[in-house]
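Okay, so here's the structure we're looking at.
A, B, C and D label the chains in the order they appear, each numbered from 1.
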Amino acid sequence: MTAIAFLGLGAIGRPMARRVAAAFPETVVWNRTAATAEAFGREHGVRVAPTAADAVRAADVVITCLSTSQDVAAVVADGVLDAIRQGAVFVDCTSGDPATSRRLAHDLAARGIAFMDAPVSGGTVGAENGTLTVMCGGSAEVLERVRPVLEAFGTKIVHCGDVGAGDALKAVNNALLALHVLSTAEGLAALQRAGVRPDVALDVINASSGRSNASMNLFPERVLTRAFPRTFRLALLDKDTRIAADVAREQRVPSPLLQLTSELMAMARRELGEDADHVEAVKMIERWSNVEIG
Amino acid sequence: MTAIAFLGLGAIGRPMARRVAAAFPETVVWNRTAATAEAFGREHGVRVAPTAADAVRAADVVITCLSTSQDVAAVVADGVLDAIRQGAVFVDCTSGDPATSRRLAHDLAARGIAFMDAPVSGGTVGAENGTLTVMCGGSAEVLERVRPVLEAFGTKIVHCGDVGAGDALKAVNNALLALHVLSTAEGLAALQRAGVRPDVALDVINASSGRSNASMNLFPERVLTRAFPRTFRLALLDKDTRIAADVAREQRVPSPLLQLTSELMAMARRELGEDADHVEAVKMIERWSNVEIG
Amino acid sequence: MTAIAFLGLGAIGRPMARRVAAAFPETVVWNRTAATAEAFGREHGVRVAPTAADAVRAADVVITCLSTSQDVAAVVADGVLDAIRQGAVFVDCTSGDPATSRRLAHDLAARGIAFMDAPVSGGTVGAENGTLTVMCGGSAEVLERVRPVLEAFGTKIVHCGDVGAGDALKAVNNALLALHVLSTAEGLAALQRAGVRPDVALDVINASSGRSNASMNLFPERVLTRAFPRTFRLALLDKDTRIAADVAREQRVPSPLLQLTSELMAMARRELGEDADHVEAVKMIERWSNVEIG
Amino acid sequence: MTAIAFLGLGAIGRPMARRVAAAFPETVVWNRTAATAEAFGREHGVRVAPTAADAVRAADVVITCLSTSQDVAAVVADGVLDAIRQGAVFVDCTSGDPATSRRLAHDLAARGIAFMDAPVSGGTVGAENGTLTVMCGGSAEVLERVRPVLEAFGTKIVHCGDVGAGDALKAVNNALLALHVLSTAEGLAALQRAGVRPDVALDVINASSGRSNASMNLFPERVLTRAFPRTFRLALLDKDTRIAADVAREQRVPSPLLQLTSELMAMARRELGEDADHVEAVKMIERWSNVEIG
């Protein structure tokens, strides 16, 4: 029977951990803010560990779902590296950066622990329904060992390449999302000022060649309605976009659009703050344009 | 009974004209290269005029489907303005620019002729099946008068705003298409060099938030296969992207991504030539990156 | 003896007009805001016309020094075109755009009036001392006819090319200025956050290959001191930068840096307002960077 | 008496080493390509070491002048770290990157060896004449210890800040140089196509606010003459520009112009090759513009 340690009970981590605990009774959770972990433990009848080191001690599989690779590295350095037992697998579902993941993999390998980066997409809804896409970076053999655990929350489990490959792909996907949000805003702001209503513009674009997930879903549901629900923080999308830009630069791929998107997201983060939702980046374009899309 | 003059039998114009002629027996066509018009006339039993001026003389509705607004202006100046009869409607299905369309509308209005810009999307397949989207700029009353003609080739007929609004919307849609082609290429080139196969990357992106029409259709069908069929010239997409960039600038909408896309398309046009297909813009990114996506 | 009409008594126009009037007693001035013209007339003993049309009626040479080519076109349309006499020369010292200058030249030529664009550089100090650089677009013959008038305020009088060439060159010079202000700010903000004091950085850069007029003069005198004197409006530099960007685009010169500079200046104008000095564009970079250079 | 080891006899290193050896008789040199070192030794009567480790063994001050920080790290790892004696100072005159310099400083400090990054500007002429600017990153105390050595080749010796500060400043200076070369080319290409000769344009710009070291020196001497002498490799300027872009990104300074410049230099490097001179980046803009500046 597989013992799981699940570290990080954020917006995505909570529903993932709930599903993992339902499938694997020997699951223990930990969260930096203890109150969150205790509430989660009470509600779902899951064991809560007082420290990350305690959580991982008996685990066959350690799953992390934190904000950044730096957070993962900090947890690893704070007792986890010493507590985790040889032969365990460390699955990092954080949207991380490949360089830090490779370093973690290296440090863990020295202790006989396999590492796999496994960021997910699908949002809170996908996490709740267990229909996430899981982007795996590491050896195929390690992936097969943890596949049953990943199946607790994911339906599309993809082996992307070596350690860091999952991070890289997640980052590029998210950078394209950021690019679509910003560029669709530029286009709709220009059209609105030229006398074309954004609902009309989206109706046409979404039947044409310029459509994207952003134009088909985010703008109709969140921008035109001015709802801007807070589902995924702009600060995290800025971080992901920068990771993608850094990957492109490391790989010596001239990538003017990805790089510019990273700069624009950094500006948006400064303008809109740490708590803003990613779609609120639209408001920076609106401010520059003196128009409200809707 | 409505007499139609259809000017411009290019890749999109030909199937549109065929459908118009089928619905409106009093259709006469004209094309700059006479041989094309004559072949079309023979094949479909449609009357061919020797000059554009001859074509429009008896027309209730004049339809143009040329490469650029400059081409339309040249045809108008070359006898059409004098030949077209008062009360006719001039429907320009060219992917034009709003400024030239407004000038044409002004000049035609002085002769009692209404103008509507009505660029289309849906490609040659949409034109053949009569399922184009038609983006109309002009008065609602004029649109109602010509709607039966538009219905010969379009199913989604959208009133976008005043003269130029159709052009503006078509241009922005196409600029987003150009942006998606280029940025997806940047991302996939970086991932491939980082060890992630592009088919794997597209499989994940197309199940995630970064997907676009380009990632869902163009890259799997045209780039990964290295087929690059010539369906829509890069030179025309460059022209459309520039129109969108100019609209944004005229409307004082800071639009760094649209502007940069316009510059990149201009570079791609210089690198790849006037005959290249729009998706071949990918090859510029590949060359910069020293990688072939696929 | 040469009669001069001088239209436009702004920050640069006033000292220019004063020097022209000193050299050519038959000078009459006009300004949109009448009080400015009257004060100028009283102070310098120069004749003031109540309207632009009145001012130009007897002139051999008409000089305009307004904010934009649109302002010049408006004045020409508002009676000047009809009032100006055949054989006169129209010298436009506005930092204008080539397209509007060419149209004005065309309209004036139909009345037998020669046009020359002749924007100046050197600032208010150069205007006061009569040491401006004058960038002339038009025929060499027209330039020779007006050279004595230009010498009243300029020492470096350069024939740049046909009508519009002076505008184009002035715009490119100013776009480079804008680029230098913004990019030096980016670099200094990054260095300051990395622990390098901006005065030290400028000391080194100004002895090295990265120096520019901005780093050598504007930053030490205006940014490090936080003085930001209002000598040249950001709104006007935004206008000039956009003209340069448009010239490059018309000439099909891919120019990613000039285009991006134009977008950044448009953002800065929106952020900092119509009254800000051009060097205050630095404050936008500072805000994004959460640092004050100095 | 101070014993010096000078590692790296490239275009800048050679004249620097010659001056150091003249001032400090106990100088020993090393170069990866041994033939270069031997020729240098014969010509200047300087002792040559067979390996870097041999060179540093007796040194009080080790000076490195290599292409990249990666080269320095490789030399350090290849025996130098073990051979260098406690109490020595390691002065790295490479145009390096701050992150690697900080890592080297950390590794050397563990052996009791102080590190200072000290990249230089002034080119081969400055190196020959001993008039280089030296940008020092490290403690003020270490700088004072090595100042006499630096004075062998530099006249302007500037303490920029902690370890990495010299690298950061050198990189930003060079990024501005790259930006000026590219943007001046964009502007001149556009003007030339608009009918303004580049020599006329430069004459005006160099008397106006848009001037830079590039417009005042590089374009008149190297571009208009089509001489393009090979004095500083484009590949190295690309590397420096990227370091500056990375510093800005690490410091969370939105820097769209520096980032875009880095992308353009990467493109230019791919187009023009590893041996091209930095000013040849102009040729990429020329090719895009279908014009030769001159």
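The rule we apply is simple: contacts are C-beta pairs under 8 Å (C-beta built on N, C-alpha and C of every residue); 3 or more make two chains touch, one makes a residue touch a chain.
Just so it is clear, the model here is predicted, and its values are computed rather than measured.
A.B. asks: Please flag the chain sitting at the greatest distance from chain C, going by CA centroids.
C.D. replies: A
A.B. asks: Looking at chain pairs A-C and A-B, which one is connected by more C-beta pairs in contact?
C.D. replies: A-B
A.B. asks: Would you mind pulling out the distance in Å between where the CA atoms of chain A average out and where those of chain B do?
C.D. replies: Once rounded, the distance between the two centres reads 38 Å.
A.B. asks: Find the geometric centre of each of chain A and chain C from their Cα atoms only, then give the gap between the two centres in Å, rounded to an integer.
C.D. replies: Here the centre of chain C sits 50 Å away from the centre of chain A.
A.B. asks: Which chain C residues sit where two or more other chains touch them?
C.D. replies: 252, 254-256, 260, 264, 266-267, 270, 288, 290, in rising order.
A.B. asks: How about chain A: which of its residues touch chain B in the complex?
C.D. replies: On the chain A side, the touching residues are 98, 121-123, 133, 135, 156, 158-162, 164-165, 168-169, 172-177, 179-180, 182-184, 186-191, 193-197, 200-201, 203-205, 207-213, 215, 244, 247-248, 250-258, 260-261, 264, 285, 288-291.
A.B. asks: For a test of understanding, state which residues of chain A touch chain C in their complex under the given definition.
C.D. replies: Residues 256, 260, 266-267, 270, 287-288, 290.
A.B. asks: Per the contact definition, I'd like the list of chain D residues that touch chain A in the complex.
C.D. replies: Residues in contact with chain A: 242, 245-246, 249, 252, 254-256, 259-260, 262-264, 266-267, 270.
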